[in-house]
Structures are given as structure tokens and as C-alpha cells.
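Paired with chain B in one complex and with chain C in the other, chain A is shared by the two complexes that follow.
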Partner chain A sequence: MTIAEKLYPPSVAPNPKKPSGRRRVRSRKRIGLAAWQLGTALLIAAVWTLVYESGLLSRELVPPLWDVAREFVTLAGTAAFWAALATTVSNALTGLAAGIVVGVPFGLLLGISQAAYRSAQFLIELGRSFPVIALLPVMVLVLGATSQMEIVVVFSGVLWPILVQTIYGARRIDPVIADTVRGYRIPPLLRFVKVVLPNAAPFAATGVRIAASASILIAIGVEVLSLTPGMGGNLARAQTDGAPALALAYVVYAGLVGLAMNKILWTVEGRALAWNRRATRSEP
Partner chain B sequence: MTTLLLPPARLLLRLLERLWLVAVLAAGWWFVSADSTSVYFPALSAIWDALVSGITSGTIRTDVTYSLTNIVLGLVLATIVGTALGILIGELERLRQVLDPFLQFVRSVPQSALIPIVIGALGIGQAPKIYMIAFACVWPVLLNTIDGVRAIAPEVRDMAKAYQIPHSLRLRRMVLPAAMPQIMAGVRVSLAVGVVVMVVSEIFSATVGIGHFINTAGSVFDISAAWAGTLVVGALGYLLSLAFIVVEKAMLGWYFKSAGASSGGATTRTRGKATK
Partner chain C sequence: MTTAEHLDLLDERRARHPLAVKGLSKSYGEGSTAVRVLEDLDVRVEPNEIVCIVGPSGVGKTTLLRCLAGLLAPTTGAVMFGPTTMTGPILEVGVVFQDYSRSLLPWMRTRENVSFPLQGKGMRKAARRALADQCLNAVGLPDAGRKYPWQLSGGMQQRAAIARALAYQSEVLLMDEPFASVDAQTRFDLEDLVLHLRKRLGISVVVVTHDIDEAVYLADRVVVLSGHPAHVVDVVEVPFGQDRDQIQTKAEPAFTEARARILGRIRR
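Our next item is the complex of A and B:
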């Protein structure tokens, strides 16, 4: 079992299976489902309000839902919010881009060469299990609470999933194909372009998808801790200013950003690797 | 895995092959930084001294014990709750469909964004940190358990139905073992999430813990100690993932042994053998 498989088993990805059936039945079913989901949302809201009213949990933790909703709407109308959102996303994406630029070529290299792979394995295992956020206090001292620092921390976090997945994809070649390549004495360059790259691409893409959601998480984590400008910084400041509803509204936005990021990447990945989708999906 | 079966000379060579790069890098760091005058990048020897004194006379031992307690308790809590809820939701398809959008949303929320809120509301004690770790860790376990339960072959389910296997027996002997590989995969993801939340919660606000150690060292400009603490966190992360592999082997030994259970791993392993 390789490291990639252990950390990111293929089946971790959500399974977009939809029940099939005749259209009318399906649409009626869907309306029923939506009703149930609405009911669940109402139930959650009711429980939340009950908890708030009873004072069971600290009111700082459970502010009135109505306040959160109001802050949520108000935020969308302020330029400062959109600026913070843009800062966070652009920092995360810059770190991600750096991670791709470094991670994919190194991953291919390590995937091709057995000796290089074995030499680097321990280092990769160390890097992968290192919680990058621990670098933060040191990084804040070295680079200050700046976007630059945030990008560096994001980069050091997202590099590993990209690297590990690319290595895994480049190493994992069907034995039959490997034998064929050897049998026909395919030159290394041709083998690289026609066999290794297409093999590694879907795995690298999965790595990028994992890294992309991680990049947002790391960026916000960095901002929360170091009060670097951005959504996380605003969130932490709202909390210390005693505005828990505003802080929660930021949390909801942060969740939406993560969700949107995931959706976009699923779509992009699906389009770019349409030729491979079915093959990778059917993998156990 | 296969290294243990090799003759000693081969084994030594393998070990060398795996370790030389890290050794060279560490040695490089040591010598390059030897006469470093930079405040921010102290000599590795100074970091080492800070580490040793932190362990022998400082607080590192208490800090590590505290952090380890938090993550282990948080992870265990998350695993129990995540598995139980996951089996429930995975078994009831209708419930899963209703809850799906909510689960997708909650797991997209950056857990570190919740830390200021939780600590601000519940205080800087140990219990809020454990809850926080558990809360962050529960989602990967839960979602993976749901997937694992749903992936049970329909034939197996039909069989259980046809023989009228009682509920509790079915859960213990069919559902749980079948979902176990997937549950462990979820726990593995959770472990990484948990370590991050553990460190963040301690950096954010704490009086003890390895994250707190790094943060205080940094804020009093004891950079060597801050680097030392960072290295300790790295070692902690690595050792925890090693410990996880041991646990995983114990829980899933039967699964790894069964041929074709992990086709990807199996092919790479045989390929590795063939080309050496």
C-alpha cells in the first residue's frame, strides 16, 4: 500500500450517484426531498433558538439566528467584506499555484525514478504529517503578518497532497502496459509523454482538488491566528470585539467559499479529464 | 513491509537508501547555519540546545503530554460518534438524502475558523479544546462511514435479509466489518485535521500545550525555542501517523491479507518487487 493510497483513498471522494427512475417519479421525489430538507433546516433553527433561549450553551457560542442572518446579509453589501474575501481567495490560490508548479514536476520525477522515490520517501512522509500551521509563529516573526507569509504557509501545506498524488499516479502503471513498453523498447521520452503523463494526470488532478480545499482552510486558519487581513482576520476580530453573530456569519461565508471551490474543481476536473473519468471512478 | 524479509545486507542498503537524503539535509542545515547571525534563522545547534533544555528542564514534556491527551481523546470521541452516526445514516438511505446538503456544508466550514468562537465562548480550558478537536474530526469519519456502509454489496444485504439475521448481529458481523476499511480511511484524514486543530487551538489561546510553547517562545523572541517547538510538532505529527498505521494494521489485518482487497496497493507492491 502506498502512501498516497493510505492518505487519500480514492473512495474518500463523494459519490455523485443519483437514483435513476422515470422523470415524473423523480421530480415528485425531488420535491418531497426538498420538503424534508426544508423541514430539517427548520428543525435545526428551532433547536438553535431553543438552546439560545434556554441559555444551555453560552450565548456567545449560540447567538440568535436572526442576528446571524442579518449580519450575513449586511456583510454582502459592504465593499470591505468583498475585499477581504478577494484577499483570502487570492492568497490561497497563489499558494496553490506555487504548490502545483513545484509539486507536479517533482512528483513526476520521483514517480519515474525508483531510486529517487525511495530516497525521498522518508522526507515526504515527514513533510506530509507536519502540521504546517505550527510554522506560523516562526513565520510571523520572519515575514510579519502579511499576505506573503500567508502564501508561504499555504504553499508548504498544499505541496504534499499534490506531490504524493502525482507520485502515486506516475508510479501506478498497469503491469501489462509496463511490459508492453519494455517489450517494444519504447524510448523514455515517448514513454513519459504517452504513458506516464496520462496515467499521472487524473491522480495529480485529485491532488490539486484536495490541495485546493486545503488551501482555503490553511489561509483562513493563518488569518485567524495572525490577524492577517482577510476573512479569517475579520472573523477573529469580530469575535474579540464581542460580535459573535458577525463571526458566525463569516464562518458561514467561509463554508460557502470552501463548498464553491470544491464544486468548481469537480467540474473543471471532470471536463479536463473526461476521457478518464469513468476509468478512475470504477476503481475500488 | 517487504523489507523485513530481506537479508541483512539488503536491509541495510534499503535503510541507507531511505535515510541518506534526510541525513544529508539535516547535516547541510547544521553546517550552513553553524555561524548564522540571523535572528530568525538560528544555528541548528542552538535549536538543538533549546530543544534539549526544553525537554530536560523546560515545559516541553508537560506540553506534549497535554497536547497528546487532547488529540487522542478528541479523536476517540470523534471516531465513536462518527461511526455510530455514519452507520445510522448510511443504513437509512432516505435520511442520508435529506441530510446530504447539510453534511456537505458543515464539512466545508474551515474548522480553524470556529476556534476563536468556541474558545471565546467556552474559555481556554482543556475541555473546549477536546470538543473542538472532536468536532473537527467527526466529519471525515462520518462521511467515510456513510460511504463505507453504502458500498456493501447488495447481494450481501439480500443474504442477510433472506436468512433473517437479527439487527444487532448484522451490525456487528456485517455492516461494521464491511465499512471498517473506509472508517479507518476517515480516521486517517481526521488525524491530520485533529493535529492542526490541536496546534491552532493552543496557539490561539492556552496556558499549556506544544502550540502554546511555540507561541510564547515566539512572542518573547526566543526564536531557537520556537523552532525547537516547531520541530517537536513535526515529530509529533509523524509519530502519530506511525502509531495510526499500527492501529490500522491491528484493525484491518484481515483486509490487507485478503487478495485483491486493495488492488492499487497490490499492483504497486508487486511491481516494486519485480523491478528491483
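Our next item is the complex of A and C:
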């Protein structure tokens, strides 16, 4: 980014007609970046093929890249795959939504009340460091290998980043802003609505983004381990059926789902909290 | 600056009461580890007066200003606004911080930044808006209301912070190193803005600064703090009246004299 671009981000540029020279430099940069990314992908493919051809690892375990690609394309044509994808994503999103509904209000409450924060601090420290997969055997015992069980486990995993980030955002008010608010005797309710909430919003949004990626990971993890229906269940079955190429194709799809989720949330967040993206010039 | 026609709502800002500290001392910490920062200060700001507080950095100028604002409680002594003792921030005393970039709320447009303290006072929306626009006009920002703080330059942000203090019906403006982080030309403009607002609105202003030229240019009286704990080592009267000029005033022999005297007091 040139200095002029830093000073005048596109939407506030004093001159709406950008000089074409800069655009050319930018598109050249973008092509350069794409070349690097393509190069990295090719390198990985080359290493993979080399490992396969050398027979370093059993050919039963490492399928040729081409097989994975073929399974990847074939999968997209089957109804079972799309049903599995829908199940996994809907379970993950339901758990995530529950995490937001519980995490954000509690985070705000704990953020503004020092007493509440102190009394809950230990529980939060414990909760966030607790490996959620360890809950799985108990949950399977209580709820069975069902979608409900999966949602509960996703919820107990994604609650923490949302809660912790929201608490942090509600507590971390710039001292100059705190002085300003005090100096102008802003009453508590107005302070909460106009200062604490908007201040916490970008932090909570970051928590939600972290949680969204985690929700897909946890959902698939639960499915793999408990053979609950969904992408993870299919993946685990493909593995036990001795179809590693199919299993790997599922892995690639799982990664793409997580990536898409993050991208969508990043865009939504940019729209809703434009002031923050602009004021801090953050990049994804 | 053609702002006179926009100031009808601001006329009642005229300062009526002196702001004074009496026998003020301030210590941080307690018991044997307490550090005394300010020792037995007496400073009085008359209505419509500009007082500058100067002193070496770290002497406690900001502590004194925060006490004047009601943001810090004095250890002994009192801060008086007219006949009443201040126990916290009051309507009539507004603060403009050095760090303007952080004191404006980044999620609000400039007009909302200026008007939102008025919401806390229960003012209606239309009145808030009108007053905010008038104050933005008064500080020379008639077109900035719809912009976000990050779309404004440093000098413009500081003007917006001054507008917010004016809108809040402050009779006394307290400014903590207000122009320390803007470029020289902007600083001169803002100094002249302060002089203009004082004359036009009749407000009183207290400016904490480490810049002696700025202090002499702005002030009717310069209070010099020095020592540990800090005490008032000198009070210098500056005889230039309300109308000043960046070039002529600074060329006056009285300017050089006041400047030399203050510098001498701080160095010693």
C-alpha cells in the first residue's frame, strides 16, 4: 500500500477518480501474489506426488493426488454429500448461534460488573482451557450419537471465545474515553448503549469469527469420533472402508466450509462495523 | 473567521464564576510510600480570563488540571467553582484532552460526538443537533458534522473536541497540552481560535502547556509551577488584552520580557 492510499482509503479519497497508474501497480501486485499462491500449491502437489511415487509411506494410506481430485469432483454430484454437508453446517451454526445468544449478553454483564467478573473468573479460565472433545464420551452416553449431542458439544466449545472476547471488549475502554465520559457526566444507561456496546462490538465480532471456524472443526470432530451423521461421519466411514482418497476429499471440503464461513463473517463484520475497519485499518 | 452569526445559542456561555484551588495538595499512594506531587497551591481563574500553567515536564501540571476538572480529588485543600466546592466533574467546566484522537468516539460521526454529552443532560434531539452544528461552526468546522473522526485531520479533531466542550455549556474550558501533537501552522490557528472564542463567548480558559511562547501568547496570566513537590514559583501578568496577533504580539518587547522571566523561573 502506498502512503497516499493509507492516508486516503478509497471511499474517502478526496479525488474519486483514481489515477490509472496506481491501479496498474495494484493489479500487478495482485497478479504477483496469485503467482506465489499458485506456486505454493504446485509445490505441495509436487511433494505429495513425490512421496506417493517414492513409496515412502504405504500406497494404501497415501492415495495419488489425482484420485483425491476425482473423488472431490464426484462427491459434488451426489445427494448424500450435500445432505451430509447441510447436516454438519446446520449443527455447527445452531451451536454457534446458541454460543452467541449466551456468550454476548453474559460477556457484557461480566464486562461491566467488576464483582461478577471476579466471581466468574476462575470458571471462565477453566472453561476456556477445557478440551471440549473430552466431554464427548459423557455426551454420547447421555444424549447418544445425535445431532442434539453434536450441537451441545459445539456450543460448549464456541461459547468461550465469544464470552472471553466480549468481556475483554466491554472492559477495555480507552482511559481517555473513560475520562471523557466521566468528565461529561454521561449517565450509566447512555454510557452502556453509546460507549460500552460499540466499544465491545469489534471484540465480540472477532470472538464470533474465531468461534465460527471452531464450530465447523468441532462439529466435524464430533462426527468423526462418534460416527454421528454428517461430513465427519462420512469421512470416518470412508477411512474405515479403506477409501483414503474419498476421506481426503471430505477433508478438503471441510476446510473449504471453514474458509467460506470466515470470509462471510469478515464481510458482514466489515459492513456492520465499518467505522472500526476504517479507524484501525485492519486486514484479514 | 465569520462565525458571529452562528453563535446565538452560545451567548449564555459567558463565564460568571471564578474557578479556584485553595491550599491544594495532591499525593499519590499512601503512608510512607506516598509521593507528594502538588504542594499548597493557590490558583484563581477569573471569569473570561485565560490562565496558562507552565512548568517542566513531570512537574504535575496535568494532575492540577485533572483536579480542576473534578476528575481527581485533592488530598488536602479544595477546588471551588464560585461559592461551591467541587466534588466531581460539573457542567460548567469542560475538558479538552491532549489526545484528541482518542477522546472522540470512533464509532460516532462528528456531530454525534459533539451532541452526545447533551443527550445525557436530557436535551431533545432537534435542540442537540442545532447546538452541535452551531458549535462546529464556531470552531470553523461547518462541514464536518457527517464525517467520522478518522476522516478528519489532527487539527480538525481537536477543533471538534473544543466544539464538544462548548456545546456542553462549559463556561470554563480546561485544556491539557491541547496543541502538542499538531503541526506548527495548525497550532497557531487553534491558538487564535481559543482567543477568538474567549472574546466572542466570554468563557474562561485554562491551558496546560510546556510551550512558553504559547503560554505567553494566550494567557492573561501565566502560572509557573516548579519543584518536587510542585508549587507556584511565579505568576506572570501578560498585558496584551484580548486581541492578539501571531506576528505583532510576539514581536513586542513585553512578550520577550515575559518569556525570559518564565524561562528563568523554570530553569532555576
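In this text, the second predicted complex is superposed on the first by the 234 of 284 C-alpha atoms of A that agree within 3 Å, B and C clash if a C-alpha of one lies under 4 Å from a C-alpha of the other, contacts with A are read in each partner's own complex, and residues count from 1 in each chain.
Basically, a residue touches a chain if its C-beta (ideal position, glycine included) is under 8 Å from a C-beta of that chain, and two chains touch if they have at least 3 such contacts.
Please read all numbers here as calculations on a predicted model, not as lab measurements.
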Original post:
Given the touch rule stated above, what does A:69 touch, chain B (first), chain C (second), both, or neither?
Top reply: neither
Original post:
Can A:254 be said to touch chain B (first), chain C (second), both, or neither?
Top reply: first
**OP:** Report for A:187: first if it touches chain B alone, second if chain C alone, otherwise both or neither.
**Re:** second
Original post:
Of the partners chain B and chain C, which touch A:239 in the superposed model: first, second, both, neither?
Top reply: first
**OP:** Spot which of chain B and chain C makes contact with more residues of chain A, would you?
**Re:** B
Original post:
After superposition on the shared chain, which partner residues are touched by A:176: those of chain B (first), chain C (second), both, or neither?
Top reply: second
Original post:
Given the touch rule stated above, what does A:109 touch, chain B (first), chain C (second), both, or neither?
Top reply: neither
**OP:** Look at A:129 in the shared chain and tell me whether it touches chain B only, chain C only, both, or neither; answer first, second, both or neither.
**Re:** first
Original post:
Following superposition on chain A, which residues of chain A contact chain B and also contact chain C?
Top reply: 12, 174
**OP:** Would you mind writing out the residues of chain A in touch with chain C in their complex?
**Re:** 12, 174, 176-177, 179-180, 182-187, 190, 194-195, 198-199, 201, 273, 275-276, 278-279
Subject >> chain A-touching residues of chain B, taken from the complex the two chains share >> reply: 1, 14, 17-22, 25, 40-41, 94, 97-99, 101-102, 104-106, 108-118, 120-122, 140, 143-144, 147, 150-151, 182, 185-186, 188-189, 192, 195-196, 198-200, 203-204, 211, 214-215, 217-219, 221, 223, 226-227, 229-230, 233-234, 237-238, 240-241, 245, 256, 262-265, 267-272, 274-276
Original post:
Residues of chain C touching chain A in their complex?
Top reply: 69-71, 88-89, 91, 94-95, 97, 99, 102-103, 105-108, 116-117, 119-120, 148-151, 164, 168
Original post:
chain B touches which residues of chain A in the complex?
Top reply: 1-2, 5-12, 14-15, 33, 36-37, 40-41, 44, 57-58, 60-61, 114-115, 118-123, 125-126, 128-131, 133-138, 140-142, 171-175, 178, 213, 216-217, 220-221, 224-225, 232, 235-236, 239-240, 244, 247-248, 250-252, 254-256, 258-259, 262, 283-284
